[in-house]
């Protein structure tokens, strides 16, 4: 069960309204690397998790992310406060209101016209939050790696947002949120390595014939080697012929069909057969300038 | 520039058509953990990457993922081959065709009715591929972690698909694809750790006051400690009061508004003020059974 | 700030696993009328609300909806428990696992193959949750009506789910959740009518010429009158001519353009002008059977 | 069957082109509160409705909303007229065309570059219309409430748009459209209350133990009481312990599993068990600056 | 302005309810090739069209597509009629209702549980209609080709649906709808070729160096020639070297940067430089079984 | 199998960074008419195609589109190069960075804040690529028409982009890409007409009663005739009565129900029956100003 305490996890002191900046902050409210995505990710993992330690940790962090969602949401709302009143009362001369909306830049017009100066669950381009951002798949050695990566991404977006404002109160609150992503990443790292072994993820080992091969698929000036494809662990395959049909087969796809199925496919193929000998006149040719003088075929 | 070789990277030998199984395979064709998502992830990173080694590696692996997309796509197409002919020619008695579509189960009806037995870029529930799955953000210490996680997730989904079929040719090709995810994860791991330092990701360090705090936000029977929240690295905060307003402020959100902005907000608030003393009759009460005998107020 | 208590708001006792039923339950987890949609709706309203009474109420109910999300999520997880183990370990013979996945019906295959038997934020067709479901617009006289409607819809979907199962523990927990939607609707009704006046919503009155007109746009057998279009409040307009151009103008659309703009539009129109006198041969005619003997125009 | 009359329902007289304003108007063309959403909502309800009076009303209003879609679409097209010609002919010097596109602000660049100055079915941020906005669920006591709320929201967005322009022809047409939302809301209200009883919606009554309880889930400074949670109708529960496990159970989730299912879950749990005693070295630690001098473990 | 006539364009006589078939029919109601997509396509083109003949035609056909939407919607509603009553009243024993929902197959559970047996604007997999299906771009020589293709696709999906049922009334109504797609394609073909020239679409001619080149990018067994790449019109380029950097340049991408921009990029590159000489220990190696005995680095 | 060559298909020489222009270019990277959509369209068709000539052609062109995706992606990356360094290092004073992001206009803020100055798979409004853009349905006579139309649309968007910039290197590369769309359209036209007959698409002929009828559904000033609805091929139906129920039936929808089904529907109808005689008081009336002095009904 969740409970709510009216004090924020971090005090939000915004210097002055700025709907353009508010719009950028939405990235961490309803965006792909934002706090709702994080809360959803950990909450869904917590529900299905059977390991007691991880389950506890996932609920702890999911709950904190909800609290962060509230902090970033309050930053958005404070930055939009002036716009909200103007939009609700519409008392400016119309030109002024239009200019205030257009002048703030980026997609802040959406926040004002559609959302009335609130904090909508969209990203900074106005794209609604989607659970397609949530990559939980229900296997801890994969999900914990997803969490580590998600925290790293969120840290970066906070870092970018911090660089965009000189409002000290906003910087401070964002700094807190950014730091917590670092702390969460550390927890998820510990939890991943407390599973032993955790690589390869899941239950099955890979096929040893292919687990240490590096296919050099991109060729030309600029090729480089590094630990990711050289060293005793790696077999480096650069010959195009050895990259194709690595099983030693013909590299073709086949299926065994019943006689009736084959018959039907043949019929369909015949009906739509392409005549390689034809050089048919086409619609494009009809459409060329000067192709005129043509007439209907009857 | 890309080039195409008509031999597959791995030969696909399907035993017999099975549109239900084909539908499940779509998960790795157009699904969130599938090969198109992988190719898009690495390709977009490769484009923007300035480090020559990583750029080369990302193009290598993006190109291989496209080749995997072709392998899994061929598996889908072979499993759908029988259905394709039946759908194109429609020669069964209608009841038979309807039963064959409905009987295959899951969402294979979509593949047949809308996509004609081909390999559409949807997941196994028929949800179209979306680039919302692609979590590239343009910072290598985050993106490489995303890649590691993505490979781990893809490995798991292949493992599940392998467990679902006893067609030896399908199992074998899926085994190859699964193994390559392991190999790619290894490459991305090497590339991540070849950046030093890579933690915390990005440029800014966290605020030392909050970087090693663990907030115990979920309480009750079932709490556990582990390396993720105990040890000398961690400050463990379980007191609700110490979890709120951790900056020492009042935990409130505020913004400095101009006099005119305040005035407008006051006007808007007055217009929509809630009267806490009222106990108004409501629409719901009007709608209760027996609330009748009511009449219009004029 | 949010806090989490490990006890659920309502105890969940599931009689036996049933992944097909689990899939239907997702409707109230990640579906349009589900608990995440509700929590997001009230939480975003709470953030932007300036009226202290409504703000408090919205946080209360948003928090309870998160607690309901946890209850329905646990129902899903319990119903999927058997499937989760089978999928994670893959120890059945493959035919068995495939049959167990396919046999459960509906979209439960997705929950198993992609989500490993967890509780994903999708609806019962596997469509990911989207904030497009959240209709908060930041004006209380509209938002409260949206909330009343949302509670009514959620109540109905719970009623349908209750009718679908005979597992007494599931029925009981769903009954609790359904009842809470009724209670929430009552609260939102009170809050709406505690604003006076609240109709028409917003600040502006309508144009009295059009506010009580009913346009009878659909004609033919089956027309009926009722309080929604008859009585002294209504002017009933059934004449097609009086339905069009109700302002008394010509019913056309116009804009004043500069000379240069007009010139450009004329040029574009000339370039793509349709010749009404032509009877051109078309691509379709080229494509007709027997249209043959045609040749390229050079 | 639908028929079309070339006269608009309301004459559209636009003073001068303004692609930035056109973009804002898209909110009511392809946005969530727009006319296509409204038409789709009522049309789908009309189709499935069996009550003759409501069916007639729903077709009347759906048809009028299509006519409104045409009016707002014409406003968009007229405001874009200048941009359309410039884009089609591309005769400005390039800098001019780029500046005209960029200078209009908000997302009008999309309307021009992708849609050629037409009226696309997107909202003002360029997000394509989605039927996820349509909340019809097929139960009139819920759907009519959804309609009431939808009309209220649409009225507000029109009010905002009216406040944004000083073009008298645009204001006038928007004023008509706004007023019609008020009239429609009145019709839907009448239709809702002509069903008796209509509360609670649907067939089942709630569980009397929970239908009048208010859970005070959000605590701290700022709590308020009002008709929504006080009075003889309400039981106000503020004690956290009484908010959890309100059924009197243990607040836990459980399911009865077969022996085989339990065995598999145990195996899976063992494989991914977290060792709470471990303090493993992690990837993050490897990635710290100065963690160097580390070497591979062989 | 639109008007509605209560008679359908084609009488719908359904033999008996069949919610599984109803679900398949949704493909042409809210699916990508369905009637709403068609109506939206032509309606948006009609609005922006300045050529009087095409504008008239587009409104004619858009209006007819809305009438078709009504016909297919009624087919869906009739096929769902039985399910609707069962779901609304929930009087079956629960097992029966669950079985009836699950037994119908495909995604009909969604139509019943979420939409109450109505006609929702989703495709047969339950994916909500999106205006991303609408490919209007505001240039008639492109849009008419899009319309021709859309009619062709819709014709095919109707053909498939006709093959799926033996209900004579359904077959007959679908046959009408399919035939109208053919008629519409003919009209759009005529309208395209009534513009002269219409190829290449738009205003600019292509670069003659590249307009008749065919790049043979896919090589290996199975290559074929045909009118699409052979004949006097075509230059066939099969040499990989001649396929790359066809402008004669170095095939590289470059941009002129300011000194400050270069400096910043160098700094960023240095910070995230990959050390090609390193063979770092990685997280994956830490995670290998038996990698144990490792300890934290302090 | 795919292979990658580090030389681009066309050399990209960008004069100077311009993140606003970069954002517009995204339209052809991740937008609906862009290169990823094209590659996906042809690749999925190639996989399922059984005709050897078309299969070869589709792989050729799909591979070239991937190579175009790389070209346009490099244009985006070069135009964003300056922004990337600024964002990564964040060394400007904050005001400067904010201004540089906001000043570039359109949605370039998204590319910078969320994507770090890379090339994300979104359109110019920031909407993620979706496979809903890919209209492959698995029937060549429809798919080839879709391809022809898609090339026409892409050609137009390139033409618009070319008109927007005066950077000669960008214009030149875009000119190449535009020209290739023309060449591809020519190939697809040839391939379509090499199937004979190809109209009507698919297997079934239309119903001759309806295949040459034109329903004049939109009436009023502005009606025109042309080859699309006049001539000996067309029967022109303008009488509204002849447009409805064209089968000669009653224009109604019906289904045969079992007695039990009818009973349930009657029960449901009775429960939600609308009383046409009532003039109930409504929530809206309660909400009117001055409706006060009302009290609760007990």
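Letters are used for the chains, namely A, B, C, D, E and F, taken in the order the chains are written, and counting of residues starts over at 1 for each.
Definition applied: a contact is a pair of C-beta atoms (placed from the backbone, for glycine too) under 8 Å apart; a residue touches a chain by one contact, two chains touch by 3 or more.
What you see is a predicted model; the values in this text were computed from it and never measured.
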State which chains count as neighbours of chain A and simultaneously of chain F. B, C, D, E
Working from the CA atoms, figure out how many degrees chain A turns to land on chain D, in steps of 5. 120
From the options A-C, C-D or A-D, choose the one that repeats interface A-F, i.e. more than half of its residue-numbered contact pairs are shared. A-D
Give, as an integer number of Å, the spacing between the C-alpha centres of chain E and chain C. 21
In angstrom, rounded to a whole number, how far apart do the mean CA points of chain A and chain B lie? 7
Touching at least 2 other chains, the residues of chain D are 1-9, 32-33, 53, 59-60, 62-63, 67, 74, 77, 84, 88-90, 105, 107, 114, 116, 122, 125-128, 130, 132, 137, 139, 141, 148, 156-157, 159, 162, 185-186, 189-196, 199, 203, 217-218, 222-227, 240, 243-244, 251, 265, 268, 271, 274-276, 278-286, 288, 291
Once you've mapped the touching chain pairs, tell me: line, ring, star, complete or other? complete
Considering only the defined contacts, which chain D positions touch chain B in the complex? 141, 189, 192-193, 195-199, 224-227, 231, 274-276, 278-280, 283-292
Residues of chain E touching chain D in the complex: 1-9, 30, 36, 40, 43-45, 47-48, 59-60, 62-63, 66-67, 69-70, 73-74, 76-77, 80, 84, 88-90, 114-122, 128-132, 134, 136-139, 203, 279-283, 285-286, 291, 294-297
Which residues of chain A touch chain B in their complex? 5-17, 32-33, 52-53, 55-57, 59-64, 67, 74-75, 77-79, 81-82, 84-86, 88-89, 91, 130, 132-133, 135, 137, 139, 141-142, 145-146, 148-150, 152-153, 155-157, 159, 162, 172, 175-176, 178-180, 182-183, 185-188, 190-191, 193-194, 199-204, 206-207, 209-218, 222-229, 233, 240, 243-258, 261-265, 267-268, 271
Spell out the residues on chain A that touch chain D in their complex, using ranges where they run on. 1-7, 50-51, 53-54, 87, 90, 92-95, 97-98, 101-103, 105, 107, 109-110, 112-114, 116, 122, 125-128, 139-141, 148, 185-186, 189-196, 203
Which stretch or stretches of chain F touch chain D in the complex? 20-21, 23-24, 27, 31-33, 105-107, 123-127, 156-157, 159-166, 217-223, 240, 243-244, 251, 265, 268-269, 271-276, 278-285
